[in-house]
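The chains carry the letters A, B, C, D and E, assigned in the order they are written, with residues numbered from 1 in each.
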Amino acid sequence: MNNLIALIPAFPFLGFLLLFLIGRQLPKPFIAWIGAGTVCAAAVLVLLLGIQFLQAPPADGAYTQTLWQWLSTGHFSCAFRFRIDALSLVFVFVITFVGALIHLYSVAFMKEDRDYARFFASMNLFVFAMLVLVMADNLLLLYLGWEGVGLCSYLLIGFWYETPANCRAANKAFYITRIGDTAMAIGLFLLFKELGTLTIPDILNASPTHFQQGASNTTLIALLLLAGGMGKSAQLPLQTWLPDAMAGPSPVSALIHAATMVTAGVYLIARMHVVFQLSPLAMAATAVVGGLTLLVAGFSAMVQTDIKRILAYSTISQIGYMFLALGVGAWSAAIFHFFTHAFFKALLFLAAGVVIESLHHEHNIFRMGGLKNRLPLVFKTFLAGAAALAALPFVSSGFYSKDQILWYTWSAGGGSPVLWMLGISGALITAFYTARLVIVVFYGEMKTPVSTYPAKLMTVPLVILAVLSVVAGFVEWPHNILHLSLFSELVQKVLPATILRTGIPSEIVFQGIAILLTLTGIYSGYYLYYRNTHVIGQWQQKPAFVAVRNFFFSGWGFDRLYNTVFVKPFVWMTDLNKTDFFDQINKGLASGSRQLNRWFSYSQNGSLRWYVAGVLVGVLFILTLQLFV
Amino acid sequence: MPFNSQTVLIVAAILFALGLVGVLTRKNIIFILISVEIMLNAAGLAFVAAGMRWGQPDGQIMFLFVLAMAAAEVSVGLALVLQAHHQYRSLDIDQMKALKDEVPG
Amino acid sequence: MILVVMISILLVAGFFCWLLAQWNVSMVKWISLSAVAIDFLLTCFILWQHSVTPLLNSPAWLVEYRADWIPSFGISFHLAADGLSLLLLLLCFFLGLLAVACSWNEIHQRTGFYYFNLLWTLAGIAGVFVALDLFLFYFFWEVMLVPMYFLIAIWGDNNRRYAAYKFFIFTQAGGLLMLLAILALYFIHGAQTGTYSYDYFSLLSTTLSPTASRWIMMGFLLAFVIKLPAVPFHNWLPDAHSEAPTAGSLILAGLLLKTGAYGIIRFVVPLFPQAAAAIAGWAMLFGVIGIVYGALMAFAQTDIKRLIAYTSVSHMGFVLLGIFSFREIALQGVVMQMITHGISTGALFLLAGMLKERLHTRDIAQMGGLWTSMPAMGGMALVFVMASLGLPLLGNFIGEFLVLLGAFPANGPLAIIATLGFVFSALYSLRLMQRVFLGPLTIETPLRDLNARELATMIALVISIVLLGIYPQPVLDLVRPTVMQLVEGASVATR
Amino acid sequence: MDGTQFYGLLPFMLLAIASIVVILLIAFRQSHTVIQVVGFLMMCVVIAAMWYVRDRLPVVITPLFIVDGYAALFTGLIVFSVLIVGLLSYIYFEEREENPKEYYILLFLSTLGAAILTISRHFISFFIGLELLSVSLYALIAYLRTRNNAVEAGIKYLVLAAVTSGFLLFGMALIYMETGSMDFTVIAQKSDRWSSVPFITGIGLMVVAIGFKLALVPFHIWAADVYQGAPSPVTSFIATVSKIGVFSVLLRFGLSIQLQTNTTLLYVFSAIAIASMIAGNILALQQKNIKRLLAYSSIAHLGYLMVAFLPGDNAGVEAAVFYLLAYSITILAAFGIVTLLSSSNQDAEDLELYRGLFRSRPVMALVLTVAMLSLAGIPLTAGFIGKFMVLTTGVHVGLWLPVSVLVVTSVMGIYYYLRIITTLFTDAPAAVSTGKSLHPFFYMATYTTLVVLIVLLIVIGVFPNIVIENIRQFLRLG
Amino acid sequence: MPVLFYIASVVAIISTLMVITRYQPIHALLYLVVSFLAMAMIFLSLGAPFVAILEIILYAGAIIVLLIFVVMMLNLGKDTALQERQWLQPKTWVGPSILCLVLLTELVILLFRSPEVPMQVKPVPMRAVSIALYKEYVIAVELAGFLLMAGIVGAAHISKHRKKHLHRFLQEEAKGPQRRAEKLTMIREKESTEAVLPAEKKPVKKT
């Protein structure tokens, strides 16, 4: 098996190559086969690998395979080497499995599109890059994947490039993530300067001895890596790109902007946990960023009207939970939430895609409604996903993962009541907007007629994901209910176990509060949007409410802020100097010479007397020189 | 009142300068030629004086050559004057300004 | 001897092109193509010859040729190539092939003279890369200017004369300063040893007083940074690049700029290690200024070729930064950057040329949505746009990453600012992509996608840039001896 | 005069005889062609004689002359230039209204004057040579007396030359007064010469005349007008022969009295060199008349040449000879094109006439292009090696200011040389359509000569060693 | 002897001053004769009788006669005098004169920087001059012959003019006052056609 892990990314890459080079000449079924088939093949491989890994774990906890020496110069050396340990395995599994489902879904979803081949080529490239990211043995290779997924994200957000808004969204996504990437690159340089290596195991081994606890350079490195993660995972203050990224096709949103790429930041931090652990400040920062993000995004999600934007903000919010968990040291909890979130958020996006597709590309939830009976299957699956998102107690995977995080935010080593407060209020908000979403879209009267019904190939992935959204959480139970911790046992082969603070009240209290708040949230959604819909209408008469709503709606005004503070001055400045003021120096020299030429030309006026005077002046010059030298 | 070499040179220099003033101030080409002759003559004087100072004939010989040169010069010069008079109907040096730089704008 | 053969093939073929153009134009094209191809194969042959024996153990100078030229001044015809030179020769002939290919249908007037100039420019550049006699170096340095001038001034765009003058005058100014510096070095060396020689190896042993060393080095450096170009000497570049014909831009960006970088590596640092170390900080600063400034300028441009030209300014900033950090990694990165920038920017200019051929404009405001009609070109453009913004997997990233990695220990703050260049490069690159290929289609007339010749050219470039991105090790190994020498020299000097 | 002296002076006698032969030919009413051919042969004979007497050098004819390798080099250069000028003259004058025959008398007389300058070692021979050169030139410049402002140019040149000759004589007289001799070597032996102010003043006044002949700033203002007004072959003659002759005597005088050891004079010459380089190049920048442009360019070039004069050592002499050689070939080629393109009623002066020449007459355009590149000092041409050698001498003795000015102004100069080249390549119907096909043989000969000149330029540019070695060998002779 | 020298010098300077200030060319030439005669006296006072005689014969004789001949031939009279009178305003001559004065002052200062050497007036015999002339400097004398030949040939060529041409020119003149520049261009056009036609070439079309 050791020699086969390279095949996992190789399959999608092969698919990409074929589609990129000759895709336009192929008929659509062929494209579908190549595009979806390669990812499915990878998924199968991963399944086999996973089974083997669980049954007979490798000696050093990881499978590795070196393809070739990539770079070797001086004391810097880097290879194309893949490495799968437990952490990677989780990610690889999610990527290939969810990826395969989404590819299958896309085969039907994108059927009518002209650029079928380009779509699958980009998707395959994305899967390849994402796999490289999580399977990388060194940070340079990781960075390769990291940038690769950014590229694919760019390509797929701007997939329908004829619309300028889509291109703008794509560019915005790339620019903002690039800021994070650049910070991360600086982090890599710093890390290399300190440790002389970028190989992940070496870093993990060397860090505790090389760095001192809380030393400034450690903190700096960790913060820079965090910044990288913030960009890619759309955390405050680099979160503004993700809502706009919904311009891409729904499968793209599902795969890239919900399930996989946006969690790369989580992976990076988890991967570099040793460095982070050495810096309490960085840990705290991670937690605070996560906590703030989940609230900010949650508030925005409450008032959105575009179904995909709601989901986008909820994604930001959920990743905020993961960051929060990472920040308090609840490593496995974060990964677990990633695991469940991947399923239910992919499901939600795919279902949303079906809804949108069925309603003539209608995105506004208030022009939907009453779909419960028209699209029953979609409704049921969507409900499963929504339940997980809202963390409906016991019957949803989201409950298990989120509950764990909430518990640890109070009790883990880095936890604190404040962080817990952030998390728990986020839970309330999440429940509220989830309820709002489901109720507005599926209940009430129908506002737009359903035009098309989803194909089989689209519903099957929905069902599979719905099942997973429910059952995926069962691998890990709260300690006080059922002592089952399959997931954290697996992950803790790589990540440290969460250390609890002492003197914590019983867990049951927190669970109770969480459940209570979730239900409250769901009920208030139900109350406001189903029972007493006029309440909202009354509120909307009040300017203060409208102002607050608009503020949340615009994503807390971040876009406008960045526009005025960064974008406009930048464009103004570059435009001002478009002609390059250095050129003025040269032009000045040239025109100066011309002016001199003009002056000198006046001396050539054709008058003999003047010429003799010139000679005379020359003589005087020579004689004067002799007089005074 | 004895005189020394410098005195002679100064007389030559004064004549030389006068010739130069003539070249510089006169408008008529004939006058300019005359002034040139004065200058050459002044230089010849300086030579003769220098030869005398050392008691050598070389200064005088040089004067001879200056004379020859002045003659050749004047002959060509006067030929040019004639030609100029035919072409320009005037000996005004200021009318001969066709050759000059056109100052670029 | 093989080096002499290479250069003379180009020169002679150039002559034939000129003479034969009267009779048969297509033969001219084939002659020039085959001349460059032969040179390309010869370079490959040398490389192959030396890859049979492990490179690390062989002497640094793999090929050498030496003959007297003007013995009365101690000038010899001394050509030699080490790994670096061979690599650059390879690049030179590779891009030369592409230049011939891309001119195939573009040039209709005075074809013979065009190819004469093209080949002579290549010959001059090849000469610069292998000349080891300073006089000879200067000779080649200037020889490549005149044909290049003609390429711009005759076959260029509307504002070609201005651009050509500017190009020539800038580079000539630098060149003459370098000549002064060479002479000063020659006399100092002669006074010390009694033998007057322009030979690189003899001059290496010159001991210079700090002041003399500084001044002489400045002469060299100025010539090279003008060619590189570093801000604030870069103004010739946007004009020259944008007005030149496609092949001209390709050669300018792909090769001519490299001669500046090559000069710094080959002459400035080894000849004046102390002085170079003394100004390293400033040089790196100028490199960083170039990175940022070039990127900002590129962002503001609306002329596609000008935009690409300014990206060159930005990318060459990395070269300056890398060289003057005197770290092995950074220097390896510099070499990578030189090669990959040649390929990627060359490719972008090729694309710009193709666009110009089809749309008759260079204004990106008049383009848009071209992907719809020309998906193949769009795909190719995407690859090179990504290369220029430093996407891993493509060659440029390796260069920039290594430079920054190496420069980081040398000067952290500057390296950090340079890294911000990643963000700026994304800004201009994507802007280019979006304005040209994305967005709604603005041009009604049907456009022809890449034809077979163009596609072949582009694929060759794509393959090379990807190969360099995923397997750059041969390049690194090839230049290691040169780089090691440089680093040792510099470390001795700074000790 | 003994045998050796006779042999030494043989080439110069032959030169003198050439002019008399022409007079005789005119007396016997021979045609232009005959005169041209005979003149050409005579010049060849002079060169042959020079080669023949080479082994007997140096020959001193006290007190006036010394015929040494140095003189042989410069005379060779002068006669070579005259050969080309003569060739150009044929096609130029054959089609014009003037009787071209006297022209050759004057041409050979002024050549004799220039040649005399190269062998002068005495003020009298210096003066006579200079005046022989000048007086013939007055007539040559105004030769086409009814047109092209020839009279104006002639008068300007005559008056200025006479005035500056006055200064020369006055200066010589001062020196003679101080030293008691007019012989260069005797003057050099006066050990207290540098402490004598009138002596230095005398040299300063002599510089006026020399500067005038070499068109150095500030005595340069005549150059453009005279270049423009004179017939093209005469212009090329002024640009080459007259300058070579005068420069050779300046160099000989400077070297023999060790002029360069005096700071004041060094300042004077440096200032003149610098001013010439700057003014020449600036004046040429936007000039649209090619003859005027070449005049300004020659001012600049003589400025460069002065940089080689400043060190006053052997390397400087070598550099100067080489530079003059390269410069003469180039200028002759350039004026050759001007002559070829001149119609029977108008010299091809306006740069506009050269538009699109590459299209209509590629060979001519090529010749002019290479000539311009050589003037600009671009490698592969002799001009580059010349400039390189001048720079070398300058750097060697650390003349940093003149050398830097040289570099900066050459960069400036490139602009106008390129301007000419660009004009040639600009697409436009060539306005020149002279349709001259009267003397195919002479046209072909001229063409061939120009091409040979250009080839020579390139060959010397690529393999300068042969030339440099030969120059050294000649200089070693005496 | 010094007295003679001083008197002659003063006469020479004053008459030269008169030369350059006269309006009538003929007056100036007469003053020039005086100046040359005074110069001859200076030569005599210096002990160079040979040169003094040459000065009178050649300068005051031949050259002046040549000049007078030209003045008469061109009939330079009142018009020229008027032109000169109008021209020679202080504003035209003050500047150049000051410059020349500066030159003179500088020359004098420089000359006085060397120690004074009394002039030993010991006449060089004419015989010595002749011997030197025909022994050491004989080649120079021969060259002087060539110099004069150049002068003669040049003067002969330049002063030639065609009758027809002059005639046409005068015709032009008769037509009334025209601006000189226009005239000149017309003349040139004529000349060029004339130049071509007599040689039986077909008229070249003007470009």
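Quick notes on this structure:
The rule we apply is simple: contacts are C-beta pairs under 8 Å (C-beta built on N, C-alpha and C of every residue); 3 or more make two chains touch, one makes a residue touch a chain.
Treat the numbers as computed from the prediction; the structure is a model and nothing was measured.
By the document's definition of touch, common neighbours of subunit B and subunit D comprise A, E.
Chains that touch both subunit A and subunit B are the following: D, E. Note on connectivity: the fewest chain-to-chain touch steps from subunit C to subunit E number 2. Closest to the middle of the protein, by Cα centroid, lies chain C. Across every pairing of chains, the maximum count of C-beta contacts belongs to B-E. The distance from the centre of subunit D to the centre of subunit E, each centre being the mean of the chain's C-alpha atoms, comes to 28 Å. In whole angstrom, the spacing between the mean C-alpha positions of subunit B and subunit C is 63. Rounded to a whole number, the gap between the C-alpha centres of subunit A and subunit E is 98 angstrom. Subunit A and subunit D have Cα centroids lying 78 Å from one another.
The multi-chain contact residues of subunit A, meaning those touching 2 or more other chains, are 594, 597-598, 601, 604, 606, 608-609, 612-613, 616-617, 619, 623, 626.
Multi-chain contact residues, meaning those touching two or more other chains, occur in subunit E at positions 96, 99-100, 103, 107, 110-111, 114, 137, 140, 144, 147, 150-151, 154-158, 161. Touching of two or more other chains is recorded for no residue of subunit C. By the document's touch criterion, interfaces exist between A-B, A-C, A-D, A-E, B-D, B-E, C-D, D-E. Of all residues in subunit B, those touching subunit E in their complex are 1-11, 13-15, 17-22, 24-28, 30-31, 33-35, 37-38, 41, 45, 48-49, 51-53, 55-61, 63-65, 67-76, 78-83, 85-89, 91-92, 95, 98. Within the complex formed with subunit B, the subunit A residues making contact are 594, 597-598, 601-602, 604-609, 612-613, 616. Listed in rising order, the residues of subunit E touching subunit A in the complex are 96, 99-100, 102-103, 106-107, 109-110. Contact residues of subunit A toward subunit C in the complex are 20, 24, 68-74, 76, 80, 118, 140, 143-144, 147-148, 151, 154-155, 158, 161-164, 167, 170-171, 174-175, 178-179, 181-182, 185-186, 188-190, 192-193, 573-575, 577-578, 580, 582-583, 585-586. On subunit A, the positions that touch subunit D within their shared complex are 593-594, 596-598, 600-601, 603-604, 606, 608, 610-612, 614-615, 617-619, 621-623, 625-626, 629.
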